[in-house]
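Labels run A, B, C and D following the written order; every chain starts at residue 1.
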Amino acid sequence: MDQLVIADKTFNSRLFTGTGKFKSNELMENALVASGSELVTVALKRVDVDNPEDDVLAHLKHDQFNLLPNTSGARTAKEAVFAAQLAREALGTNWVKLEIHPDPKYLMPDPIETLQAAEEMVKQGFIVLPYIHADPVLCKRLEEVGCAAVMPLGAPIGSNKGLKTLDFLEIIIEQSNVPVVVDAGIGSPSHAAHAMELGADAVLVNTAIAVAGDPVAMGKAFGQAVEAGRAAHLAQIAQPRVTAEASSPLTGFLNQL
Amino acid sequence: MDQLVIADKTFNSRLFTGTGKFKSNELMENALVASGSELVTVALKRVDVDNPEDDVLAHLKHDQFNLLPNTSGARTAKEAVFAAQLAREALGTNWVKLEIHPDPKYLMPDPIETLQAAEEMVKQGFIVLPYIHADPVLCKRLEEVGCAAVMPLGAPIGSNKGLKTLDFLEIIIEQSNVPVVVDAGIGSPSHAAHAMELGADAVLVNTAIAVAGDPVAMGKAFGQAVEAGRAAHLAQIAQPRVTAEASSPLTGFLNQL
Amino acid sequence: MDQLVIADKTFNSRLFTGTGKFKSNELMENALVASGSELVTVALKRVDVDNPEDDVLAHLKHDQFNLLPNTSGARTAKEAVFAAQLAREALGTNWVKLEIHPDPKYLMPDPIETLQAAEEMVKQGFIVLPYIHADPVLCKRLEEVGCAAVMPLGAPIGSNKGLKTLDFLEIIIEQSNVPVVVDAGIGSPSHAAHAMELGADAVLVNTAIAVAGDPVAMGKAFGQAVEAGRAAHLAQIAQPRVTAEASSPLTGFLNQL
Amino acid sequence: MDQLVIADKTFNSRLFTGTGKFKSNELMENALVASGSELVTVALKRVDVDNPEDDVLAHLKHDQFNLLPNTSGARTAKEAVFAAQLAREALGTNWVKLEIHPDPKYLMPDPIETLQAAEEMVKQGFIVLPYIHADPVLCKRLEEVGCAAVMPLGAPIGSNKGLKTLDFLEIIIEQSNVPVVVDAGIGSPSHAAHAMELGADAVLVNTAIAVAGDPVAMGKAFGQAVEAGRAAHLAQIAQPRVTAEASSPLTGFLNQL
């Protein structure tokens, strides 16, 4: 069976999801369950770490879900490492989605701080999945310091623009020895399917599910699209052609005229 | 339930398929069954009309399938009408996919002959689904002469290039009072999902399934992708944004530092 | 020297221009002079045909300009032919830009009425340049009935979206035996240069010059871009490559380390 | 007059050029003169630093040209700094185009080594123009350590694919306080014009001129296109519109019918 393995975990679903922007925690729970997602990222901020009855966490207590705390809000390596330590203690997981974005407008990640934080986190025993620009050399360096996966962006976070970094994702997928998870920018199921068709190992979707008219239906649609894109990748997609070629023969019955 | 109605028929699947280019009729049958497709286009040429045991037809005898004979090979309205008449007699259906492409290299359809043939076929009692360029005015005229649906192309037949006519498909979908079926150029499940997300009523896929490494798996993937795209359309997709917006809050735990 | 010949006229500039949407006739005159354009299209409506002192025409009385009356506003072949006859009488030219767009929202051209009008106009001795969708088969049919050039659109009129019909323009340029003028949708000089690089014989620009912050500077910029694009086409552009190749050698001085 | 200032130099031309891949040094000289370029990058390797009669340099002895030695071939910050020192000594200029690309296949730049080298070079008194991925955060950091300009890539070097990083170039241009020079991937004059229209301060072109059928004509075409794109940027380009709007009025003469 086609499963995704990252570090010590095995996933049947290649759709990773986020928990921000939902209108309610109930809606979040229902949408994520419908999506089939098995890895859910959660910002430390959302979680009241001193309260075991925290509402967000309560809604994520499904066998289906593994939690992936993220360092969103960190602007430097030092802040990110601190956030990861807090998360480990609070949530009991050493998995971390490393995010460092100093720019409040476009939230683009910082390559320098990210590499530095990744190196330190790996040393401290974290399973590190860094969110980064679609920079092929940076991806290789993150792999070299021991990251468990790389998470290049498709477009700015929350932009819903799709795979604007297509040409670079192709290089990253070709060169990477760790799973490639396309994160940010995926605005519709067709974008997610496209990423999978290219050979990405997974995608992370948040905004596009959370702000849809019907987040539960949209979660399910993303789950299906990711499966379809993965299956198409495995079934080998034919390449685009310059000249057309008819599916149906051109001559034929006309001889009967 | 979300069903598609064209003329007198109701469809649960919005994936229409073609029968050309498969390596064998067995493979074709299995791929089309896996795709869930309920409308299958077949070129008259492929069918030995005098032989009730014809092999192509034998492989399409499933309750799942409705046949849509096409006029592929016709270069003029006259030839197309003749082909439709032959098909009606041979296959016992008055449905016809009207295709007229005089150019053997790119197989682009002829707008003038197509409109003329459509008008005549409607008069003769056919249910006409014309394959045409993504020309919004032509689509309206075909609707006005009584076509049951319009089938604008996404890209040249067999090119697998996807929705190259996107800007015009959007206009056609906005203006059409009959179902819009995107035909030709769809090369992967993500393309099919994209068409459905835009609001197309169905897509027709042939080459991309037939020439995939594994046509059965690809057929199934297309079926899923069309469902996902349709569901996303109904669930209301969020629009692309220029500025990013974090799914996770930017400040937060850092106050604890 | 590289000149464009259409029917009986020779052009040094491959930038055709329009006269709509300018803030004043003076501004229009200055922008069109600056653009170097030698063929200027004018809507019959703008011209007071009974008044030899008409202001629009007065501003176009330059040796540089040839007038190309258009049939904008016509919704049928009959209306277009009538408009052309009026224009011939009023402006003393048998050249006509044939435009028929029944749809008031997107102004997409009607292929059926356009072909019909073209055929009639050619019979009546007009030099006909039809504005049409980027439909390769329609272009061939217009050529066959005697049109002097074809004018496929790049994108909807006034949309400034550029060459959205790229894949079809390439086919048209490859197959046409008459000059191909890309008309509509060209929103910036880079779009115009792109059309010329593909091998288009000329472009027609109106909105993008007329509504620019500085129409005179923009007119000049378009003139330069069209020259640059044409020169690049003649100088043979290298094709895109999948793999990078360094302009500078990779090894070298490092041996000295 | 619209001039570009970088560090202590003023440029009338915003087209920077490279010297690789030309069939001969004569052809290179003629093409670069025709292009109007005033800043020419040269790989240290090409130059025989011990030979004052070196042929490449001899062909670049024009008042028109300023030399910009590059560190192509360097795989680490250390190698790049060494290369810059060699170049300063050999060519008598403290300007340097900083390039570090460890990957021999796609030649993508290394963000970590580049920032480190830039910091060191600035300390050593160099005028540093780093070639980098279109990474907005990295651009800001390079600006902060004192780089005189930033040179984000449009697409992989030598790929001729154009502005594949468009969405990120827009952010970089919006945020940068130093000149932005789009480098790599520009394959035709329309690509160069497009970069200028976006607001880039300059572009660097090498392969597309060097390997054109006629490099001298292509050099001139690029020069024109860069001027046109810059002029269009200054003249304020109108934004794309969703709905069409006629340049010519829709009704009008038809009232006379």
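We take it that a contact is a pair of C-beta atoms (placed from the backbone, for glycine too) under 8 Å apart; a residue touches a chain by one contact, two chains touch by 3 or more.
The structure displayed is predicted, hence computed values, not measured ones.
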{"item": "Copy-to-copy rotation for subunit A and subunit B - C-alpha atoms, rounded to a multiple of 5°", "value": "180"}
{"item": "Whole-Å gap separating subunit B and subunit C, where each centre is the average of the chain's CA atoms", "value": "34"}
{"item": "Centre-of-Cα separation between subunit D and subunit B, whole angstrom", "value": "45"}
{"item": "Contacts with two or more other chains, residues of subunit A listed in rising order", "value": "101, 106, 108, 156, 159, 161"}
{"item": "Chain-level touch network, classified as line, ring, star, complete or other", "value": "ring"}
{"item": "Touch relationships between chains, expressed as pairs", "value": "A-B, A-D, B-C, C-D"}
{"item": "Residue numbers on subunit D that touch subunit C, as the complex places them", "value": "18-21, 41, 43-46, 70, 72-74, 79, 82-83, 86, 99, 104-108, 156-161, 187-191, 193-194, 197, 206-208, 210-215, 217-218, 220-222, 224-225, 227-229, 231-232, 234-254, 256-257"}
{"item": "Parts of subunit D lying in touch with subunit A, wherever the complex brings them together", "value": "101-103, 106, 108-112, 115, 133, 135-138, 140-141, 155-156, 161, 164-168, 171, 175"}
